[in-house]
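Paired with subunit B in one complex and with subunit C in the other, subunit A is shared by the two complexes that follow.
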Partner chain A sequence: MWGAPGTGKTTFLGVLDIALNRRDYGLTMTGANDASVNVLIEMTETINDDREFPPATDSIDTFKWDLFTVQPPQSSTQPAKITLKLTDPSGELMKNTRRSDPNRKKLIDEIVDSAGILFMFDPIREFERGDAFSTTNGLLKQLMGAYSLNGQNTFTGRLPHYVAVCITKFDEPRILETARALNILRRDPKDPHGLPFVHNNDAPRLLDSLAQVSGSGDGGMTVNALKTHFYPQRVEYFVTSAVGFYVDPRTKKFDIDDPQNLVKDKAGMANSARIRGPVRPINIVEPVMWLSDCIAQSRPQM
Partner chain B sequence: MTGNDSFPVSAQWALQGKTLGRDGYRVLASSAGSLSMENFTDAIGRFSMGTPEKLSNALPQMTISFLKSGEVNHLALAIHRLASETYPDGQLTASDDDGRAVVATSYYCVRYDPLAERSVSYQSMYEAFSAAPLRPENGPVLPVKLPTAPTAPDSGAINSLVIRAAALLVTGRPVCVLGASLQTNMTDRLGFIDTVMSLLPYGFRARMAAATWTRATNQNHHFRLFFSGDRRDVKDPDNVVFWGLPEQTIPGRNDTYAHYYFNWLNTGSVTDKLTLLAGLKTPRSLANRGQVQEALDEIDQITPFWPRRVPVFQPKTETEPARPENGQRPTLDTTVPAQSEVEQLLVSCARCMDGADSRRFGDTVGQLKMLTRSGVDAGERDRCRKLIYECHLFRHNDALGQDEQELREILLKIAFEPPLSYEDYCLIEDGIGEGKSPDPSLLQLIDTLIDTQGAADERVKAITYAQFPAGDAWKKLSKWYESAELSAYQLTNLLAFEVRHSRHMRLLCDVTTACLTRKTNTYDPKKLDSVLHRHRYLAGKLQDSGAGDDQYQLDTLGTFLRAAYPGGLTRDDLYHVMRGTKPVTLPFLGAVLLMVAKDDACLARDLYLHHSFKAMHFQEQTLRELLKLIDIPEGPAPSPQVEEALLFDRTVSAPLSPHHDLPGDPIRPLTTGGPAAPTDGQPDGASLSVPQDNRQQSGPGRHRGRRGQNKNDGQ
Partner chain C sequence: MSGDESVLDALTTGLERLENNATFKVVEFGKNGAAVWSISRDAWGTPAPRYTALTGVPGADPTDFYYDQLAPLLEGRLLLVALTTLSYPRDVVQLLREEQNVPVYNCLAPLEDLIKMVIRASPLRTFYELLVLRQEAGEQLSLARHPLFPPDAVSGYTADLVFRCAPTDEHGTVFAVVTHQTGSGAPSAPPRMHSIEIQSAVIPPGTYDVRAVLARPGHVDFQGLLVKLERDRRKLQDIVRTIPRELRAADGAHLVCMLEVSGEPEPLEQRVERLESLIDTAEAGGRALKVSLVTYGQHAVERNGTEDPAMTLAWATTSHLAKLKLREVQKAKARQVQEKKSRQVAEREYGRAAQLECAVREVNSRLTARDGHPVLVTAGARPPHPAKVDLATEIIPCRDKVRWQDELSQLQVKLPQLRFGALLGPDPFGDIWRDLGRDAHGDLEVVDMPTFATQLGLRDPVQAVPFPIVGQRGT
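Take a look at the complex of A and B:
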């Protein structure tokens, strides 16, 4: 997981199990150790039952979750298990002021050892603070340095990871509005709630558009940094929302004039933001499965 | 606290929290001391407790850490509370932009030295710092008062769990306390940490990091003692103790220090130990094995770890140490088991060898190593020797790897008092079992032992060296031979001694014949003959010892004769050797026949028959008739040397100590009239005298004592 503080890294992971249960992906999930099981239960409960966001990550949390492909009865194919080792760092570690922090170094080691990155781009934070580039660039340079040092002459200047760029907080009205303005909003006719989504092919357009309104003016550099530091064919874009859109419990339909599933009370007071209704994650399982498939295919077959 | 029972310290501090605006957690305010905001950011981040769990008692929590600024050590304590509870007045943001509760971390640090001087506990620090809440604005360092007298842990708090946790900490691996989540609050857990640390040298606090709680998914934390809900999934797993369930604590492989320390803590008065440990203030780290060893050595010097006759750290069988009664601190288990701890471990080693349980074997050997650091007493040494014999503790098993070598080193150290005697060597072979010779690694260990501590008996050296591969064996023998410690006469003399195994006799013969044939210029054949003559040319010895078959005996005896008579046997020589040999064996006759002139062969045969008949228990008349039939010509008169040898033959059953039968240290015949006069003209090594049953002698000093004793007996 890669992203500045508050970009929704932990929440993304926290709704993964909810997303699997909202739709039939043919997957089930559990933790591969006690700690991971417990955190999975706790995060799901916090978001789904308490309708709160999980606490901000302190330091680096490491989860090991197993995803099982669920086979239909009498299926002749073997069920598959995908073990996700997810490193969820505190967003503070992305700040360049922490570049000498031993935890930051640990994070770099973890990324070097990993094959895939879930990159969280929070357009709201970028609009308000515009620090995506600074939090990304420093870490990218340290990563490149680590590869250059280890790979010596074999390092080509691009990092080998598969990167799922998640444009988060799609449920925010301003993001939704931008997508609508770009005419890239789609709806699945089979979806009973009529929830909107942005196809992955259109996601780069949305990202470019949102990057242009970066608070610092550096949003475009973030996008370019991702394109140049990783192999373009290994980068995929997803427009995501952890909590999803609000669905009117009476009509069971999505209302474009009342889309937000997050309500904010008076700023600065306790419980200033709450999840309004049932959580319906958007594009949460997809980036994980995309990464998983890419990594599986890139590895030599036994 | 009054002025008398407290002392002032300056606490540098920082307050970490969040403000609205998605800046994340950061240091919001800090003191104007030597530490900068960046220092505090680094220190707090480095010892992060991890993401708080969703439990009713998830907060407050406390983390204990340290930092070093220049050469100055500081102890640090961070209190993590909900901002909404700590600052109900809203001085600090209670919820972030996503409505998540903000955790306020109040971080305090003070110099280590004044705390160490008074052995200040973490609890005292907590109480003092709690009384000095932090405001979210920069300010001066805080004046804090800490108690002058160290706060001794509650005697009831020193229970088996605490002792086990303390013992496990010295392994260098972190200790995780599981199962305490719902039963305890933060101060309970801090009390536990403090009590555990009171059972370790105070100096370890200078590099100690502990947490009253940390999340198991926070895998990279640096705490050495911490509470958690689950185990960390890490490559090198933590030691784990279970709250309220000390018996479930299982020490891991190579937890030697844990066993060692556990036993020490369980022996004697805990009060004395607390005082001792509080006084050991040198800053050290539990993560540094060398520093842990230093601390243990320091303790050992003050209060020796030996003897420790207490049950070993056996998690499945050990019971909770006795709780204190009448307010006394526990003196813990005073049970003296039938077998000592060392014996138990040796038996355990044998069982592991039986089952090829290399993991447990390694643990056991590790414990044994620590327990025997200071050696064992004489009584225990004897019992260990018995166990070596009974359990075949020197047997070899490839599966046991390096731990086998460690066990052998321990055994050689505890069961064998230097220098190594022949009886000791035989015990080692008995410890291998099945009449087997030492394997190469054991042989190397014995060799090293001989090199460093010497051998009480030259037989040990000869037998050991002879078993090395051919080239190495000769190198060693040659070096030994040329070192002037040894002569051909001594080597020959060694053959006269009783040996336990025919294999040993064979090895001694091989060594002797090798030296006699390769180092011909190092001895006088006449003197050698004198030695051989005294030992009856060793014909009977070789026959009785079973060192080799007839051919081997013939070859060996022939080598001896050729060394003593390089020009062959004349007729006079023939009389001399045949008279001097008893019994005259057929291999000896063969050797003689191969050395005499053709004309003397019949005489040799007749002499053989003559002496053989004489050795039989025939009636005198029969013997006379038989000897008349052989009718050998009368030879030269027996030499005085021969007479002397015959005299000895009537009185001795064994020769002298193999260690002292040196040409330069002639041993003279015992006389009843006082010390014997020097026997001028006698060859070195041939001046033999024989104390009875001197096989028991095992060292130079003891040998001399025994000689004196015998002499006195003789008087």
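Take a look at the complex of A and C:
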């Protein structure tokens, strides 16, 4: 997982199991070891029962979680069991001032060993601080250097990873309003709550639009850096929300005039926010599944 | 029969037989010397005593004393001579017996006490009426007489009545007991009014249930007023001239208090105290005052949240009742805090807004000009919930989608004379406070309440109405 501090990496992982239980993806999930099981239980409880967010990661957390297909596989390439080795680094490690930190080196090694990256882009943080490029560019350079130094002659100047770019915090009113203004909000007629979503095909437009209002003016460079450092066909965009939108318990319907599922003690203070109603994650399982499918398909068939 | 009883009997009979506009006299020789009492009835039959004291009765020449000092005072009818001391001048008394041919009684009680007793028991000889103002259709006022007691009524006779006291000048509300003479002059001439007694006091405006008790001929006690009446020495006609032709509707004020009850008990206590002070200040201004109280708390925006809806606890009621309600709100808050502590159930209060918008809607749905010049005062701190998501503040919207701007606009269109005042805690937040404090705004800590009330027109000069009002609004 890759993202500046506070972009919601840990929360993303915390709601993964809730997302699997909200909708029938044909998957179940557990930890591959005791520590991972415990983390899974604790995170779910914190978010779903206490309506709070899991604490920020201090250094690097590594989880090994297994996803099991409980329906017959749809295609021959889809495995019956997906093992996710997820590395959740502290966002602080992304800062260039930490580039000599041993944990930073460990993170680079983890990414080099990975086949897929969940890249978290938080438009609210980008609007307020605009540090996505600075936290991305340095790491990209170090990663490119690692590939180059390892003497991989086949290195063509692009990183080989599959990248699921998650445009997070879709539930934030300003993000929702931007999507509405771009006329890219969709609703699934089968959804009883009428919750909105943005199709992956429209996600880059939203990302471009949000990048233009970057606090540093560098948001566009982040987008371009992703496009140029990875193979474009290996990058997919997802508009995500860990907590989803608020659904009025009286009407059971989503209301675009009252969408916030976070209760903040001060405007913009998402860090101290509480979760207002039931958690309905949006596009949380999908990036993981997409990465899993891509990686599985790219491997030689046995 | 004792001497006292004989004197009482003689005085009672004498007073009964005394014609209107007539007088009888009584001579008393007491510890302080001689006195000549004159007991008279005026044209309306009201008896009244007065006396002339003769000091230094000479023992040496009783004849000179009798003819030079006493006899000139005895013109008219002498009823009796009362001896209330043993050391009376026997020669003078003997002269009185012989010259005036009157009975002489020895008695123990001072003559003054006996005379008062007889007058108090004397029945009325005419109707007693209270001068009032009758409020006709509209706001016109007319002078009228409200019956109190019939002829033959005696001390202790009562009459119950309900009336309204309006704001007055410094003389207060006048209670003028009058009688009238019929059949005099031309047949079409209005009856002539005669003042029996005029009393007055500055009485808080409001409606009163009063019992009028006949104390004695010439004096009526009015029980049920908040203050004691004093004798008013002005002429009745001078007072009547001050009656306004009509009652201006604007003279009454309707103070609507919107009180935020969310948050900690201490700020609420301060808001309650300030509103009480405002009510007292407004009332002291002399205007007829009606008070309404609307409370509001927070919306339950999340699970385990408390919904504290806008509620009307009192509407167009008396200031006394409104203040009682304010205290009840404060006590309820203290109980609520105590219960939360004992239950140990995590209740989440949304601290960024209160349902002020719903309180404004509540007031908008009820407020008219009917109850007096309207004044809306809000004591609170938090901003309202917006009708829909607010990208700047991110305050959770009102669950009923009430738009405070619309509610306030409607109020201002409906009641252009409505004045707005806000009593605010530190750092009030939200555009609404600019509108709610348009005419007056004060800091809860340091507000100068008389100035605040004046800015809201609650202490404007009042129209003085000198007499109690009966009619459409009073009874």
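FYI, the second predicted complex is superposed on the first by the 285 of 302 C-alpha atoms of A that agree within 3 Å, B and C clash if a C-alpha of one lies under 4 Å from a C-alpha of the other, contacts with A are read in each partner's own complex, and residues count from 1 in each chain.
Just so we're on the same page, a residue touches a chain if its C-beta (ideal position, glycine included) is under 8 Å from a C-beta of that chain, and two chains touch if they have at least 3 such contacts.
What you see is a predicted model, and the numbers here were worked out from it, not measured in a lab.
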item: Room on subunit A for both subunit B and subunit C (clash or fit); value: fit
item: Subunit B versus subunit C as contact partner of A:D188, first or second or both or neither; value: neither
item: First, second, both or neither for A:P259, with subunit B first and subunit C second; value: second
item: First, second, both or neither for A:D293, with subunit B first and subunit C second; value: neither
item: First, second, both or neither for A:D61, with subunit B first and subunit C second; value: first
item: Contacts of A:R274 with subunit B and subunit C, given as first, second, both or neither; value: both
item: Partner chain in contact with A:P5 - subunit B first, subunit C second, else both or neither; value: first
item: Larger contact residue set on subunit A - subunit B or subunit C; value: B
item: Contacts of A:F53 with subunit B and subunit C, given as first, second, both or neither; value: first
item: Partner chain in contact with A:R174 - subunit B first, subunit C second, else both or neither; value: second
item: After fitting on chain A: smallest Cα gap, subunit B-subunit C, Å; value: 14
item: Shared contact residues on subunit A - subunit B and subunit C; value: 264, 267-268, 274
item: Subunit A-touching residues of subunit B, taken from the complex the two chains share; value: 18, 20-26, 38, 41-42, 45-46, 48-54, 84, 90, 93-101, 103, 215-222, 229-233
item: Complex contacts: residues of subunit A adjacent to subunit B; value: 4-6, 10-11, 32-36, 38-39, 42, 45-46, 52-64, 88, 90-93, 95, 97-98, 100-103, 106, 125, 128-129, 264, 267-274
item: Contact set on subunit C toward subunit A in their complex; value: 301-303, 348, 350-352, 387-389, 391-397, 399, 401
item: Complex contacts: residues of subunit A adjacent to subunit C; value: 51, 173-174, 177, 248, 250, 257-260, 263-268, 274, 276-277
